[in-house]
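Once you scroll down, you'll see the structures, which are given as structure tokens.
Next, two complexes with subunit A in common: one pairs it with subunit B, the other with subunit C.
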Partner chain A sequence: MMPNLDLSAISPMIFVAVGAILLPLLEVLLARMIERRRSWLGRTVNREMASTAIVIFTVLLLVLALLRTVGTFDLPVAHFNLDHPMIAVDQLTRFLNAVLLISAILTVLVSSRYLADIGMDHGEFYALLLASLLGMMLLGAATDLIMLFLALELMSIPIYALAGFQRSSLKSNESALKYFIIGSFASALLLYGCALLYGATGTVELAEIARGFDPENPLTLLGAALVLVGFAFKIASVPFHQWAPDVYEGAPTTVTGFMATAVKVAAFGALIRVVAVGLQPGAEIMYGVFWWLAVLSMTVGNVMAIIQQNTKRMLAYSSVAHGGYMLVGICVGTQSGYAGLLFYLLVYTFMTIGAFTVLAILTRDGREVSRIDDLAGLHETHPFAAIVMTLCMFSLAGIPPLAGFWGKWYLLTGAVERATAIGDTSLIVLAVVLVMNSAISLAYYLRLPVVMYMREARGADRPDATAGALQTTVLWVCALAIVLIGVVPGDFLILFGDYDLIASARVAASAVSP
Partner chain B sequence: MTPLAAIPDGLLLSVTVFWPLAVVVGLLVLEFFSSPRLSDRIWRAAAFAASLVGFGLTLEVWARFDPTVGGMQLVQRTSWIEGYGINYYLGIDGISLFLVVLTGFLLPIVLLACWNDVVKRTKQFVFFMLALQTGMLGAFVSLNLFLFYVFWEVMLIPMYFLIGIWGGPRRIYATIKFFIYTMVGSLLMLVGIIVLVYMHRAEFNVLTLDYIGFAGAPGIADTTVRMSGDVWWKTQTWLFAAFALAFAIKVPMFPFHTWLPDAHVEAPTPASAILAGILLKLGTYGFVRFALPLFPAAALEYAPVMITLAVIGIVYGACVAMVQGDVKKLVAYSSVSHLGFVMLGLFAFNLTGIEGSLLQMVNHGISTGALFILVGMIYERRHTREISDFGGIAHVMPVFATFFLITTMSSIGLPALNGFVGEFLILVGVFEHYPWAAVCATSGVILGAVYMLWMVRRVFFGPIVHEANRKLLDLSLREKLVASALVVPMIWIGVYPSTFLRPMDASVRTLLATIEARGGETGSRLALVQALPEEPPVPEALPESGEPAQLDRLDRLDEESGE
Partner chain C sequence: MAEYAGLGLFLLLGSGLVALFLVLTSVLGPKLRFAEKQEPFECGEHPIVSPYQRFNVKFYMVAVSFIIFDVEMVFLYPWAVVFKGLAWYGFVGMLIFLSVLTIGLAYEWMKGGLDWN
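Up next, the complex of A and B:
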């Protein structure tokens, strides 16, 4: 019997999968041609052209996937296999996929030149990236614990390899190993949790689990707790965050940018689905857990970020803190809350990729600009990079009218709306903790503009920066996104049709909200 | 007829607010396309010309302002973000009018004063100054709480760079402290705003952030906020606290003032002048515009606390100013003291007190702005601000000494100069309800005279002890222009304050009526408001033809002081 398959539902994922499979072949093919110099093509093509071709091919696939995702956004929910609906391509999936694809496209554009700068320009980078991306896209779509776990592993394993991509660097190796061990540990916990949930409810489907969920049953609760711990590791939420600074610091800069954004987007997407669908009956018990995770992540992340001297470590702690902000959306648990979280993921992607792009640009001959003080005088040597970095920092700090402020605004309004509706003080306390943390975060976000604009560059140490055209494009995209989402969040992307980002986030959230 | 008259009423405020930003963006575009690059001189000249036009625009706003109307005028409202109640909504009334005019007035003066001083990164300097101007003007005329919050925060960024790049040795510490202090307060206010929005929605079933309802629609200002009987964070007390903290830090009121001396001392002259002249007024403006009418019962309940803090601020600021060796620091602490007076008047809850406060905001903007500019002039010559490094300056710089003395007198409240009118009205207003506060505050006036005059004596009179002071040049023509422009309004307000007080009347009466009505609903401390004496009806005619009661009081006052 022919299975009832719908390939068009997963067409963006197919684009990515095809890329992940074809890219290593393409690389080998091109390398052999260049080596042998037999054919006409082999004589004219050199290494640089080959790597450019790979980048163009990758970006083309990703853009096609993005266009397809955005173009089908308003369609009703589609399933790949109706008989076994392990993945659901609904608005939530499409929204997450769009953000993931944006993150991947920007990362690829920055990476080509960056990889050449660190002497690691190999095609498998893009293949690994796409494989991981495929895992992420599936993760957000998974409606089944088996699929969830498979997607999680498909996402994680290539990322471990990417973290160690700079083979010659001890730190990069350390980063990969640490991420691998901790990541496996988290996966194991998650898998154990899945097994327990299956044992307690007799099903792996999220919707069915909700039906069989018994808050009195310790087995169910333990299963749910282990699944949540697994997710908490992936989103680097305090107290499961210790790996983040080391891994972020050691990994190649563009990989760090990808990790900090895409992994978070995918993990939060899946978390929304698990919490809102599968574990919905346990919402009241989980509320307390998420409340504390959010408060701890925000506070510890921000306070620890203040004392960092290394830019990447600082951004790592900042990402822990932002994870905490996003958890507020999970705590709220209404459509507004999830919409706020999804919108936050989108703006967070632009801000974070922008910041890491600046750091990537400043890498020369494998020497990274690691310390914050190394950015001194950047406004003279590379004014545009300094402006973008400043925009990213102000936006991360949530200063209006930049995009990051809107993210916080929607999280806050979601929390307060729910609090006023049910008269719940703890959500107001959460909102106050959030804004107070924004104030704490200023202490380190403001340091970068201080260093870049208010200190003089120090002789030979002054940051040298000549960005490639693609990297400059990424800077422009991030800067424009941060400013335009800030000024006209309702009418952003009006050029490409009437995309109301906030409304889209609400639609996406409605897919899973009660 | 000026060309400005061609701007339609509905757009005038927008044009006024965004004019400086438009100019600077235009300059950036020109800079981008022109080859060779534009010179610093062109940027400076363009900025100065733009600031003059900007002042013209604020005067045009004044000219079109109808003083008999108590509500908002020159209103413009369009939807900004559909479906979330976030509108682009501007308007002006008698409370904000003169703050807008003051903002327009100070910028060209400040730019002219620092014409030759800022030599480093002039273009960036001009950019931040003009961007700051847009932020401040926008905050004064925003009628949508969201819009207000955006402008309120946006202002911080240019000021942060102005202090951080062109400031003194401890500039980075000062600028970060300034930024974080202000943010802490305003973020709590943000939560307060959102709580109000959802309370408003629960009551009226519309989601809006409009502070004053447009065309009869309910605005946030109409929301019922109880004193008790609700969850604690929905009560007036806590919401008032959230708003008051934001504004008190900005003012700054007594325990929250520590960022001010640092920021003032480290800031470059133009930034100090703008900071003292206008930025601080946003705090007091916030109290009048938002905190008092939204939460009148809580404001009345905690008025003694606020008044006590204000009085402590007055006396403490004056005492600390007295022992400063640095002129700029002295002026900074005098700001703490003077703004204490403004707060005092606001919490008197009567026409005299509030109008006095509003006038005193303008006065302080002019006098303290002028003091900072004058201190900047001498700093450029001697590169020191230590009082002990001067002495006998009046011998070598007589013109400078004259202007400085007039400004000092205005600052300490000599009759016939502006400071006197404001302080007197405030004290009269406060005396009505809190005589003890008025008595204590008066000692601040005396202390003010002590520290200012003592400083003037040590700097300007006596023998010249430092050789370096012997060769100082007196003011140039440019500097004389700057100083004269500042002295004109000091004398004007001092001699004929009605020009400025009359347009405020209608709006302040509306404000008091709102406070009384809303305070009445919550039924707390109502007696205080009702005990207000019956104020004379709003004069129908313009001030020139009418015989306003306020003026009589002032005339009597002038006679008394003349004796």
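Up next, the complex of A and C:
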């Protein structure tokens, strides 16, 4: 009766879970101490001390989880079983968890100051963030449709609340409501797909579904299609992307950064596992679907981003386009394709968090710098933020020698290798579309540096930016990551010992690829 | 067909009994007809009002707390049935589940979620 419970394998998830459960309690205890004017270490507890304590506790847990994840990367696969495998802690899971934890740590570091700026400095923010993070970590690890759905909901529901965290702002409320309705709709579709797959194959376990997968059976195909549509909503891929601009615009800026990176990482991680393990026998049928999703996402995302006047909306469409680039890795469907996608997710996290951090820093007294033109003259008022923003934009556009270039490079080489191996011209077409779209994206990515460096700041509207120490740290981390991964990429990246990122991505991809 | 006879009898008896009571109450019951009473759902509320009404958010807090502990009870029953088979694993697992719920309750309490005023 005793199930196989390898607790050490899931210890990073346990750290995050403990944080998510204890943080609300810590918040109310500290609030009570402030109320009763208790003192600690000879000083009366005030709001700043409470916030600092909460942030330190959160970051400590996350860093412990990250160290544990990276430290155990090479260990063999650990399954967490009840009567059948529900969670697989393999290299793919550990790679995804590391990226997710990095994204969460950076978000927490930016948020402490940002929340105080918008007058929403509540400890519940971090509890919701950690709860969502736990869902994401489990999502990438799920080898069972039930676990997959539970993790997806655990990821999504706190994110809905986070999107509406700025309660006083109508836009934030709108964002939360839209995300909630569309997100529930997507979850319902995915759940219906899971039910149909269970009906067709008689199992909820991904590996068993692959065995019972019958491409002739309409029930199986419908189930697979509904599951894919559910995922397409979560990764905001065209034509399931309409919610993204509104939600990204309205949500608090640091939450938008977290949504744009972590949700994508987790959803793509789970998508890789579902496609490569559970739906593997249907790969040929799904190839066409993914091909069109990729082409549409890239093209529509980039073209729509050009006409945006709002920075966050522009970044939202840019994130749709990047989802399209990543889908190329799914289309390739080999180890090198998935490795390219995973590497891209890592790089994308640094670029996107960096860009949103600059926007978060520019928020003053609850007023956001929303329009792109409002960034005019940023190089005078805050030169470092302008430099980091420029680096992020160049990297997102894929200009060598920055990290974004290598992300696209590995996706492209994966596609071309596969195309030559099987003599398939449609993959070549996909690669060409990717390159053309990178060229289109320059039109809007280069607009920000132009506005920041070549326009005069306008009188009272000058963006006034005084970043907190933690926010500056995040800017440094993102800038260094973009430059270092770019200058010494992949095969010869030997940073801090022997963390070869692209090799790690290959190892991670090998966990599921045929 | 014979095995459905019981079901048919049950349906017949059931609907017959309901019809009987309806007829009896309409014949025997005392009646006072006035406008308010002719409206459906006479529970002291007007049936036709604007749906965009505000209601106190405290009702929501109570309802959510109720559902959480209701579901907890539903979990506890099957657990209690197989408790012996699960042994220590089941005991510790339920202890963790209950302590998570307790922390949630403590949070709600300290945050003032249980105060009506």
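By our rule, the second predicted complex is superposed on the first by the 499 of 514 C-alpha atoms of A that agree within 3 Å, B and C clash if a C-alpha of one lies under 4 Å from a C-alpha of the other, contacts with A are read in each partner's own complex, and residues count from 1 in each chain.
By our rule, a residue touches a chain if its C-beta (ideal position, glycine included) is under 8 Å from a C-beta of that chain, and two chains touch if they have at least 3 such contacts.
For clarity, every value in this text was computed on a predicted model and none was experimentally measured.
Asks: Touching A:Leu222 in the superposition: subunit B (first), subunit C (second), both, neither?
Replies: Neither partner.
Asks: Which partner, subunit B or subunit C, is in contact with more residues of subunit A?
Replies: Of subunit B and subunit C, B contacts more residues of subunit A.
Asks: For A:Ala116, decide between first (touching subunit B), second (touching subunit C), both and neither.
Replies: neither
Asks: Just to be sure I read the superposition right, which of the two partners does A:Thr425 touch: subunit B = first, subunit C = second, or both, or neither?
Replies: First partner only.
Asks: Once chain A of both complexes is superposed, is A:Ile34 in touch with subunit B (first), subunit C (second), both, or neither?
Replies: A:Ile34: touches no partner chain.
Asks: Does subunit B (first) or subunit C (second) touch A:Ala210, or do both, or does neither?
Replies: The answer is neither, since A:Ala210 touches no partner chain.
Asks: With the two structures laid over each other on chain A, which partner does A:Leu22 touch: subunit B (first), subunit C (second), both, or neither?
Replies: A:Leu22 contacts subunit C only, not subunit B.
Asks: Using the superposition on chain A as set up above, list the residues of subunit A that contact both subunit B and subunit C.
Replies: Shared contact residues on subunit A: none.
Asks: Across the complex, what residues on subunit A touch subunit C?
Replies: 1-3, 5, 21-22, 24-25, 28-29, 31-32
Asks: Can you list the subunit C residues touching subunit A in their complex?
Replies: 85-87, 89, 100, 103-104, 106-107, 110-111
Asks: Which residues, counting only subunit A, touch subunit B once they are in their complex?
Replies: For this pair, the touching residues of subunit A are 394, 399-401, 405, 412-413, 416-417, 419-421, 423, 425, 428, 431-432, 435-436, 438-439, 442-443, 446-447, 449-450, 453-454, 489-490, 500, 502-503.
Asks: What part of subunit B is in contact with subunit A in the complex they form?
Replies: Spelled out, the residues of subunit B in touch with subunit A are 80-84, 149-150, 153-154, 156-157, 160-161, 164-165, 171-172, 175-176, 179-180, 183-184, 187-188, 190-191, 194-195, 197-199, 202, 231-234.
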